[in-house]
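Two complexes come next, and they have one chain in common, chain A, joined by chain B in the first and chain C in the second.
Coming up: the complex of A and B.
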């Protein structure tokens, strides 16, 4: 099996650029998601962008713009509803997730041949990514990366110590909105490639694996980006090789997720080796 | 940030006037009156649920007052936040969070560093000195969660020191803290006060209140007493604070028997 050879084909090259960018970005944002234990927020967002995708499809507009509109809407509603004392974050999530997703299902079931479309929305079609799709993904990813870089120290502070963050004068709800918007941007950027169901794996799995191996946020972020990009590349290459050489059709998006989970298991196996009691530095001093 | 119109006398660091906080009509803490001057230290004493943490949150400007006023350096709590540092209880933080002790202390510089920019060499020097102040210079690169409870509490005090505050608020800083850490915390607090900072700490430990503070505010949902520790920690007022449970005074030490 040659893991580089498939990428001599133009559509595989586009797919590779797409998953490398998405993997690295989702890994970096995923670090904050994992540290804040917000995996369920990511999961909710993957479902709430769905009606946006469907509406855009029905109107013949860019799927990414439709997803973007609903992603931003969810991030705002989530931050607002979650701050209501009697609703709370978990109930707000469940309400938004189910109502938006069912809206999407209702809308798409009114179109002809909707099963094929539905499959594409849920699981993506990374091999069909064209030049325009790729440029759109790169633009969304660039915006997300810039926001993340500019506000990284405040987002980490808020993740570590929300009470002291507020005491220092930061508006924690505004920081929460920024993070929810970042998650929304990743979901939006990834929705065409890997579909709404699998994005959450791209966000959570590399960061969770990195957390097992890293003692610093910076190292965890570097590892999560590396795992995300590696998973994207290996997943694509493996799905292509298996499909072509062995005539077993492997969906690219799903293969990427399987590879990511493999990397996570590897990290889980390696983690105990670096946490031996003897390695606790300065225990005697 | 308007300049003070009257240069003398300087406003007290903290001034409370009939300060009352309520959650949905139920008063949590009522009628707190008092002043804290530069270099002074006040212990907030009272049973669990007395409103100590709520009062601290009100001084931080994190919960609104339903009546009365709180002024910090002559300004609203929100307007004075740059001059105020808060030390939470160490065990409320995620011990698995991937940060070093030094990085936690450096967080105290973030409000001064500002948005977008990264802490510079000067900020790192201040953070390093603050960590040395609490006796943890050698543990700078240890992950926060690998430190003992007392060491974590010292790291959080160092973060507050790095903020260079004029008012320091602490929530039960001696809970679960070993004797060495307790001595180092007390010494660091003394130096902060000598440098002109005012200190307010919630505690249920009357012995430590005697060691760390010269004033006391007795609370049980409303203010029972506020004044010099020697004259305010009387059996009568303590009895009123703790609901008449048995207590003894022995020299400087006070023992309150709780159920």
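Coming up: the complex of A and C.
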């Protein structure tokens, strides 16, 4: 099996660029998601942009703008929620997620081709990415990357020590909003091309794998970007080779997720081999 | 539109019965899900039973059996991953959720008729339930409610004070597993009729709404079951009247009830001025990460 050969075809090249960019970006944002234990927020955002996509589709506008509008709305709502004592963060999140998604389903169930549209939204069509899609993804990814680079130090501080962050004069609520918006941007950049299920995997799985292998945030981020991009490349190549050479159709997006989970399991197997000097000293002392 | 008129046909009557039973069961179980902060886990269970459903479909065995078997595997995997020092529970659930779901898609994508099956799984098709589904729902639902009633005291104590439960000599881990299996059975029973997204919504939303109206746990469970069943009836009537997706409409009704309660509930609503009494060490004081 040649892992580079499929990428001589133009549509495979575009798919490759798309997953490499998204894998690296989602990996970097994912580290913050994993450190803050926000996997559920990521999952929620992948579902709540759906009504935006449906409305844009029905109105004949850009799907990206529709997704962006609902992504931003969700990020704001999520930041505002969770302050209610009687309703837990997670309950509020679950209700928001399911009701937004249902709104999308109700709207789209009035149209023809209901099931095909829903499937495309959930699993994307990474092999059908065209030049415009690619440019849109690159633009959104660039904005997210710039914000992340500018505020990375503050966001990491907020993840580890919210009291100190507040004491130093940063507004933690604003930083939370920034992170939620960053997750929303990753989802929006990715959702049309690769589908919601793949987005949540790209965000959580590489970062969780990196966390098993690295102690420092910088190393974790580098590893997560590497895992995300590698998983995207390997998944595309495997899906193409198996589909073409062995005549078993494997959905490209789902293959990428399975490869990523494979990398995670590999990291989980390798993690105990690392020496942990701090721990040993603590035990002997 | 008279409410009974909408349910004239045989299929509509069956759908109504299914909606009432599933809504009631989910509402009651949901109170425990909220007490233990398990909504994300419930969501993951819904997605992660998917490969089981696909495999069962390929092998021609019962979809219930396939989903239940895979759900049990997921319970174990999440428990094992979460027990590792450097993988927190949320990430363990996230990895398991996306991995299992992708596995199901992969299995399904090798088949023909890909998208139709999947839509029914995700958003349900309650108007096509057959009498056999109704019997399954009734039997499983009655069994789960019986378990919850028999173990009510122990499960509630476990949610609020695990140390106390262990000190009293109860098997804490076994009780945890029993509750997770009850949640799993509820999700699996609901999925064929109402879909994975709706199952989560019906478990979380009525229970969260009920918690806004009453402090007492038994009253919360009764109210949540009533709200779940009512959301099913009203949502189904709206969906039959205007021909929109039934499952999603039921979710929107349940979510609307929650949103309204969040504003107007007498004690915990946003309009209530009086600060509510905070019991020391109560499960609802959140530990924010």
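Operating definition for what follows: the second predicted complex is superposed on the first by the 268 of 285 C-alpha atoms of A that agree within 3 Å, B and C clash if a C-alpha of one lies under 4 Å from a C-alpha of the other, contacts with A are read in each partner's own complex, and residues count from 1 in each chain.
By our rule, a contact is a pair of C-beta atoms (placed from the backbone, for glycine too) under 8 Å apart; a residue touches a chain by one contact, two chains touch by 3 or more.
Keep in mind it's a predicted model, so treat the numbers as computed, not measured.
Asks: Give one word, clash or fit, describing how chain B and chain C relate on chain A after superposing.
Replies: Because the two structures are overlaid on the shared chain, the partners are seen to fit without clashing.
Asks: Quick one: name whichever of chain B and chain C touches more residues of chain A.
Replies: Of chain B and chain C, the partner in contact with more residues of chain A is C.
Asks: By the touch definition at the top of the document, which applies to A:168: first (chain B), second (chain C), both, or neither?
Replies: Once the two structures are laid over each other on A, A:168 reaches chain B alone.
Asks: A:271 contacts which: chain B (first), chain C (second), both, neither?
Replies: second
Asks: Now for A:220: first (chain B), second (chain C), both, or neither, which partner does it touch?
Replies: Touch partner of A:220: chain B, not chain C.
Asks: In the superposed arrangement, which partner chain does A:9 touch: chain B (first), chain C (second), both, or neither?
Replies: neither
Asks: Which holds for A:135: it touches chain B only (first), chain C only (second), both, or neither?
Replies: The answer is neither, since A:135 touches no partner chain.
Asks: Under the stated touch criterion, which partner chain does A:211 make contact with: chain B (first), chain C (second), both, or neither?
Replies: A:211 sits against chain B and chain C alike.
Asks: Does chain B (first) or chain C (second) touch A:42, or do both, or does neither?
Replies: In the superposition, A:42 touches chain C alone.
Asks: Please state the minimum Cα-Cα separation between chain B and chain C in the superposed model, rounded to the nearest whole Å.
Replies: Checking C-alpha atoms only, chain B sits 5 Å from chain C at its nearest point.
Asks: Touching chain B in one complex and chain C in the other: list those residues of chain A.
Replies: 211.
Asks: Going by the contact rule at the top, pick out the chain B residues touching chain A in the complex.
Replies: For this pair, the touching residues of chain B are 60, 62, 78, 81-82, 84-86, 88, 92-94, 97-100, 103-104, 107, 110-111, 113, 115-116, 118-119, 138-139, 141-143, 146, 159, 163, 169.
Asks: Please output the residues of chain A touching chain C within their complex, sorted ascending.
Replies: Answer in residue numbers: 34, 36-40, 42-43, 47, 82, 84-95, 97-99, 101-103, 105-106, 109-110, 114-116, 118-119, 122-123, 162, 197-198, 200-201, 204-205, 207-208, 211-212, 248-251, 253-255, 257-258, 260-261, 264, 268, 271.
Asks: Would you pull the chain A residues touching chain B in the complex into a rising list?
Replies: 35, 150-151, 153-154, 156-157, 159-161, 163-164, 166-170, 211, 214-217, 219-220, 280-282, 285
Asks: Quick one: in the complex, what on chain C touches chain A?
Replies: 34, 37, 39-40, 42-43, 81, 84, 86-95, 97-99, 101-103, 105-106, 109-110, 114-116, 118-119, 122-123, 197-198, 200-201, 204-205, 207-208, 211-212, 243-245, 247-249, 251-252, 254-255, 258, 262, 268, 270, 276, 278, 284-286, 288-289
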